[in-house]
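As structure tokens, here come the structures.
Presented sequentially are two complexes of chain A, the first with chain B as partner and the second with chain C.
Take a look at the complex of A and B:
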């Protein structure tokens, strides 16, 4: 039968990540035990309470961590025990499940337990966020203050400037005063500037690492990158810079010695991974891919983690820097807009010499799925690069069917083979 | 294996599908020697062996005459004696393109899934869509409906075209559709009208998939459900175009697999005589 045996050759440095993030999430619990304030945040709002010294959770980061620690199923079960509908966002459900677990003692793994917050900051990137905020507010007896920041995705690039102003006003007029009220002190703009300073340094190293994705064979995979993404968002800390410097050194060494991410001699198929990373199924998914000699190289969601550190201007008002990053200059908010997504993917497909695209279509987060089919058809038409849509979920195992996924993947590889034959 | 008969090379394409298993024997002149179809049942491995043995027997061959075997279908990885395994999407496209080279779109409605394949003239897949959420819109859907109406599944098509007043049936879930049919019967609805509604529900679902990659013509409909005239008529009406249906619509993937087998043996330009499958 189909013969060659491929094996994953994970970056050694990535093995350091687990302990650092265990510590990161444990610090939240410890802060609460010490009587310090704790915030839960969604969307790109986490930088603000953190700059004020509030230990802060980040919704997507926690969900990835919870799934990575093999606890997603337990916590999702807790959510359903609390009456949550299984069709709602699985990240949302992880949080209602966690609240239920904490309030009722429903058994979940200790390392994923979150402390009940003193403040919810809801960055509303999608309509689901309103329900998420309301559900948590209600389940916590209407006692936790909720601050909402609307972060509507643009419909066209020309919207970005006005949207930036719209969001900036909410940050200044609603979010910052709420943080000041909770902590009883003026907002620490210098600490926010310091966060951008560190982020800039980490993102610059990470960008240098991205260059290694252009090598054939690639010395690392998108999964190697994915496990350290938290340092570029909700865990911007000196250990993150140290970690990314180590990744860079290991990549340099691998490149020098021509050590591939897939043994024995590198990848057969270079893939683009569009959309969320399947946090609860990283192992299963990479094994499925590697079996065929395929490797995910780059992706739209992992790309949005501050790809443009050059727009971090430390002499500028640090809130304006946030606006520049998400809206006006780096345009990160546009990444979910189908036309911008198409342009981004098309650029990456050429830069990283991609053979095929996996459009990961998430059952419970539809926002990122918008336009995927049109993008797939257009990339195929204009670049001759085939794609496949895989419908599953980031963390909910009920939506992850390995046989169905493998059929689609194998067909994608056969499509690539057919194009190579021509 | 790998013996020869009259200097011809013999290849087999095995499509181990979720509902039926198909084996097709092809020689290196492009002649289809025989084929066999069996219900897959629960003993997949036994079914594959029996199906291939019966196909070989029908052309007075045995396993030792086989020079190459290509497995496809959901059970393709279980066929451990195959020389190559390929997906049914690639094989179906390949099989159809070799016998209908003008065809650009394939609607393959099998036992548990529906596939829409955009194919080029060489039989290579350009794009495809597969049903994801449930078996509504597949052969299993029809089986459930036939069971709840007490009608053999093969009679559904004939019954559907007798309908005078088509009833809308939901296509959201195969099991829910079954309970909907029970309710409709209780309300006195005619069986033919219900079945016509079910055929239309399948067609509606398929048309949604077609829309995802854009209608291409000509179209071949294959897979077991292609035998159902009610579904074919509903599809033609919804797509506003005539479709081609091979006489043996379940064998396209096995044929494609066998042709790939010949190519692996170096027979790249063989013209396949598929008369017995298409007329």
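Take a look at the complex of A and C:
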């Protein structure tokens, strides 16, 4: 039993996010009416069409937005009406459902409607990032062009160079010409460089913010971080830098005045959150956690968002920079793979003084799940830090069982308590 | 003519573990397991090893679930279970090819827990159409690089170089085996009642687990035995089996299909016609020829990412060619590529007025009565047409 009543104390700055992202997606929605080109992108390919002035959707970002706006269930229903099966990747289904809704007039919330694109850009970190575009290519009568870049996630450090070269060659041979063809002009390498410049600045501020996760009590939660992650990926824009500077200022203020993220006096349990953030269930999940004084502090997926801005070398070929970030130097394509996950998590649990780990296991997405059981066993054995697996989904509520999740959380907290009594 | 050889072959796949262990002893070669569906076995054969294709285990997953999620497909879960339980001690190594995320996890878990003398992971690229080439030059070059890396890695493990002539010889052995199996397929298309569905699957599956040379000798006898044979009687509905991906179709489901008065006239499954569809060319650099086989666009392969090829249309053509009455889709539970591709496939069949039924194959808990009911209703609807 808790002797205290814990309450969440969200960062004030996070309240600014909603409007900015609503505007971002509205601009995409309205682009076609304004005669602008639209691309749908999966994986880390979105930077390329954006640099050419193409309004670009990003698969995971849109899914998070759609879920955050409470529209996931509607769109998933549309997908089912289109014949999708419920075990299929829910991000895939959100997109096939959206196209079905647009084509048939199936009712979904207006703010999440996407325009049918002029180009699908596949960045295949996982096969589903490809399958959705393959399926939609056929569903749209083979009229919308598709271009694919295969992004094999690495298994070994020694594979990174060859994989990086393979990906770079595809970007140059296939992706850039497709973008040039769509826009009728040469690719704007300087705009891509400019994007890296802005990203570097945002990521540097964000990294300074990460330092505050090390404080006890923590002045912010992983959820506070999560809502602004889009500025570090698909919405790299000046408003993002402004936003992250404000977050930093608020965190400094909170730290100075010892204002915790969990009231009245800080967290009881500091948790690591492995895997996707549960976009459709942010409120439900955080309420479950906070009830016990638990707070998600850091995680492997949120860490994926350009943790190493020092590798952005603005004097370098901007495509090479992409390769450095995802393969050769920062190895972002590797972070989700089990071979690299253990080291990442082990480093984080020490740095952020973690008490326990939640391995969020997503039923319809196997990207971050891979090896979780093995990693859990190893972290428990080698660091004495307990963990539990929580099974749910990123957006499909049929796989989210609150009672079962709470039971698992209680078990985790008991394990942490027992460890503390030793 | 009796069916002695077919009977023997069916027995070989009843206990594949025992079969491989015995053939290993007999051949005195190291066994290398190849994850379905695209590992170039010929390379492994040319290195003097005994390549086999990994199968779905025949027991419920037990401690394997401490290493992998239950919502991974059966082949990944059962292989992990088998390996951590020590059921695959006869295996000296494995080659895993990248085609879906669970294969990545499989390689990770095996590496950490099985300590096999040899493990190689082949980064097989998705084959995306590009404006000027199929696949792109980048993909072509990388695939060649990967096949050569596999060759070097096997050579390192065996301690000797793979001679080009040896590789060509291995390719010939594999091509001959594929040709013999294709001949049997052709016989079935002409006289589908001459061979039972499980027998046909057994012929292919056995080819994956016993040395090809010996298998081909058996197939020559099978071809003789099949002439004029008729095992299924009566006016039967002709169906095509599709899907199944890396998995062996369940024998109990195939039996139900036949019990209900249907006969399998053709298939588009891996432990079926897909395994033997394309030969490797014998002219030129044999590594390049193996790569070219991987680049084959037909039969459509759901894991390859070639959006220009329409799987549904391919099956529509197959239905027309063999005058099938309907299609039975066997879908392994929790197979992302199959799940993602199914709705389009289904839509194409509906548009072409081809009846189709989906049967989900679970490893631990298939309720056969439900399968029977579904197939019975399907049969009745076919008969009404």
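In the analysis below, the second predicted complex is superposed on the first by the 419 of 422 C-alpha atoms of A that agree within 3 Å, B and C clash if a C-alpha of one lies under 4 Å from a C-alpha of the other, contacts with A are read in each partner's own complex, and residues count from 1 in each chain.
To be clear about the criterion, a contact is a pair of C-beta atoms (placed from the backbone, for glycine too) under 8 Å apart; a residue touches a chain by one contact, two chains touch by 3 or more.
All values derive from a computational prediction rather than experimental measurement.
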Superposition-derived comparison: chain B or chain C, residues of chain A touched: C
First, second, both or neither for A:288, with chain B first and chain C second: neither
Chain B versus chain C as contact partner of A:407, first or second or both or neither: first
Partner chain(s) touched by A:377 [first = chain B, second = chain C, both, neither]: both
Which of chain B and chain C A:31 touches, first, second, both or neither: neither
Contacts of A:386 with chain B and chain C, given as first, second, both or neither: first
Partner chain in contact with A:89 - chain B first, chain C second, else both or neither: second
Touching partner for A:415 - first (chain B), second (chain C), both, neither: first
Which of chain B and chain C A:155 touches, first, second, both or neither: second
Chain B/chain C common contact set on chain A: 373, 377
Residue ranges of chain A in contact with chain B within the complex: 1-2, 373, 376-377, 380, 386, 388-389, 391, 403-404, 407-408, 410-411, 414-415, 418-419, 422
List of chain A residues in touch with chain C within their complex: 82-85, 87-89, 92, 96, 122, 124, 126-128, 130-135, 137-139, 142, 146-150, 152-153, 155, 159, 162-163, 166, 169-170, 172-174, 177-178, 181, 337-339, 361, 363, 366-367, 369-374, 377
Interface residues, chain C side, partner chain A - complex: 66-69, 71-72, 98-102, 104-105, 107-109, 112-113, 121, 123, 125-126, 128-131, 136-139, 141-142, 145, 303, 305, 307-308, 310, 333-334, 336-337, 339-344, 346-347
Chain B - residues contacting chain A, complex: 74, 80, 82-90, 122, 124-130, 132-133, 212-214
